[in-house]
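Please read through the structure below; I'll follow up with questions.
In this document, chain identifiers A, B, C and D correspond to the written order of the chains, with residue numbering beginning at 1 in each.
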Amino acid sequence: MNLFLTLFSGAAITAGVAFFIAGTVALLRFPDPLSRLHALTKADSLGLGLIVLGLLPWAGGWLAALKLILVWLLVLLAGATATQMIAEHIRRSEPPP
Amino acid sequence: MSLVLDVMLALAVIGVAGWTLLVRGNFPAVIGFVAYGLLLALVWVRLGAVDVALTEAALGAGATGVLLLFAVVRLRGGKAEIDAATPSPPQRVAAAILCGVVGLGLAVAMLNLPDPAPSLAAEATRHLPLLGVGNPITGVLMAYRGLDTLLEAVVLVFAVLAIWSMAPDRRWGAIPGPLFPVQSSGPLSLLARVLPPIGIVVGIHIAWVGADAPGGKFQGGTILAAMGILAWVAGLWRLPPVASRGLRWAVVAGPLVFIGVGLLGFVIADGFLSYPPGFAKPLILLIEAAMTLSVAAAIVLMVAGPPERPA
Amino acid sequence: MIFGVTGAALVALGLYGLVTQPALLRKILAFNLLGGGVFLLFGVVARRGAVADPVPQALVITGLVVAFAATALALVLVLRLFQITGAATIAEDKTPP
Amino acid sequence: MAEALLLAAGLIFLAALAGLYRALRGPGAADRMMAAQLLCSGGIAALLLLAAATGLAGVVDVALVLALLGAFASVAFVLAARGLGQR
């Protein structure tokens, strides 16, 4: 059981890190701000989700695991709101391509 | 591996700080400064000082960012005078050399500090069970150096008064800060409706948990203040006028309770700000609760600024 | 010990910014950089013993809150100066009042 | 185990820094806001990994506070860019 857990969380965290790096590559490569914004938020919300998933078994107790999930949900809420507002800002400040 | 992480973190902090200084335009500088605050919070976690990391994260992201952004928006213009006052290149080089020497001296001093590191950790933790408090930093803040924390609570009240005194006479007693239109729909109103309840619970949790784990009144108060500012910025909460009784009581509640319990020390313990042996924790928690309220109120008022609009 | 040198570097950077930045808002930002560096030095000194020394950490927490209050007051003063004189800097007063 | 977590935290932090570097140089204010948001979520991820690796008490609380106030900072940036409220 323990081996399976270690493999599972290792895989999840590696995938999470991969998504973060993908998000950053997107930020570096994509031409216009809107597509960058889209890729960035998707990548780091999902990346964080996978990392939290990977950390759940080692969180030590149910309450700590719930707190990790709460952190992730807050980041999702925060990311969604901030992204929409930044998109609004981009739309308003630059003419559509 | 942790060494590599520390070096990266250190270079990042210095890089962002340098960038904040050299970038054209106030707006990017403030964004750089908030990033600097975030990185400092990470540095504090690496240094093992989680309480300080909490304070830096809460203050940096929550209150200081908004405060600086308000200033940036209102300080637009004034370009001509700034160029006139920019020091000439030789002056800048001289200043750079001077600051380099100061930095070097500090670095050298930091690298060979006295070998048996003088530390008060032992004394601090030895008396903790007497106080019934688990977190040594709360023990220091509330008991060993209680007077410092009391004076600091009073400093916050004075800061609010000093900011209010900047208002023109005809605006005295008015509502502080600009008017924010009510956001009927859109992401901001969603956030301002969903986040504050969670934030208030988290803020009170962190203020409460401060007795035995990292946390405390300053961190909890700052989070509550940030939630108040969010609701105010989204137009959901109208700041009360400066003259309102409730607001003034909220700001002075913390220091008053602190002084009250301190004076109580004469009667039930052996002096000002000393706690009776078995009864320390309830008193400390009472002070912490009142202080959390006052810190939150003071920070909101400091961000809002002097009274501007008639009631 | 890396963070000790970082703290010293931040103090140097903050001081440089404080001295050379003409705009008052940027001076206040530089001053906060300086403050952050000094607090970092406190943190490093606190960390040197076997267990972290709580006294400097408590001082830093108090310091951070007071530094925020000082920044808030400084910004209000700069705003007032800007409202009265229309200048966001303290240039030598060439024109008599 | 802890080493692996620290490695993951380091990688994420490196990714966040790369994004920060590019975005802070970016012309528009929107790029800079994205940089702050990326650094915030990267910081939170690194903190969670550090919490698991070092077992320090309260580090998850720091991540919680950052998650809570990170959104708030980004919102404040957008509002400031739009010019806050009326006089």
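In the analysis below, contacts are C-beta pairs under 8 Å (C-beta built on N, C-alpha and C of every residue); 3 or more make two chains touch, one makes a residue touch a chain.
Since this is a predicted model, take the numbers as computed values, not measurements.
With chains reduced to the mean position of their C-alpha atoms, the one farthest from chain C is A. Chain B and chain D have centres, each the mean of its CA atoms, that are 19 Å apart.
Centroids built from CA atoms put chain D at 22 Å from chain C. The distance from the centre of chain A to the centre of chain C, each centre being the mean of the chain's C-alpha atoms, comes to 33 Å. Chain A and chain D have centres, each the mean of its CA atoms, that are 11 Å apart. Residue positions 30, 46, 48, 51, 70, 72, 188, 191, 195, 198 of chain B are each in touch with at least two other chains.
For chain D, the set of residues that touch two or more other chains comprises 29, 33, 64, 68, 70-72, 75, 81.
A list of each chain pair in contact follows: A-B, A-D, B-C, B-D.
Here chain C touches chain B in the complex through residues 1-17, 19-23, 25-26, 29-30, 32-33, 36, 39-41, 43-55, 57-62, 64-66, 68-73, 75-80, 82, 86-92, going by the rule given at the top.
In the complex of the two chains, the chain D residues touching chain B come out as 3, 6-7, 9-10, 13-14, 17, 20-21, 24, 29, 32-33, 35-36, 39-40, 43, 46-47, 50, 56-59, 61-62, 64-66, 68-73, 75-77, 79-81, 83-87. Only residues 1, 4-5, 8, 11-12, 15-16, 18-19, 22-23, 28-31, 33-34, 37-38, 41-42, 44-45, 48-49, 52, 60, 63-64, 67-68, 70-72, 74-75, 78, 81-82 of chain D touch chain A when the two sit together in their complex. By the touch criterion given at the top, residues 3, 6-7, 10, 13-14, 17-18, 20-21, 26, 29-30, 33, 36-37, 40, 43-44, 46-49, 51-52, 55-56, 59, 63-64, 67-68, 70-72, 74-75, 77-78, 81-87, 91-92, 95-96, 98-100, 102-104, 106-107, 110-111, 113, 117, 119-121, 124-125, 136-137, 139-141, 144-145, 148-149, 152, 155-156, 159, 162-163, 166, 216, 218, 295, 298-299, 302-303, 305-306 of chain B touch chain C in their complex.
For chain B in complex with chain A, the touching residues are 186-188, 190-191, 194-195, 198.
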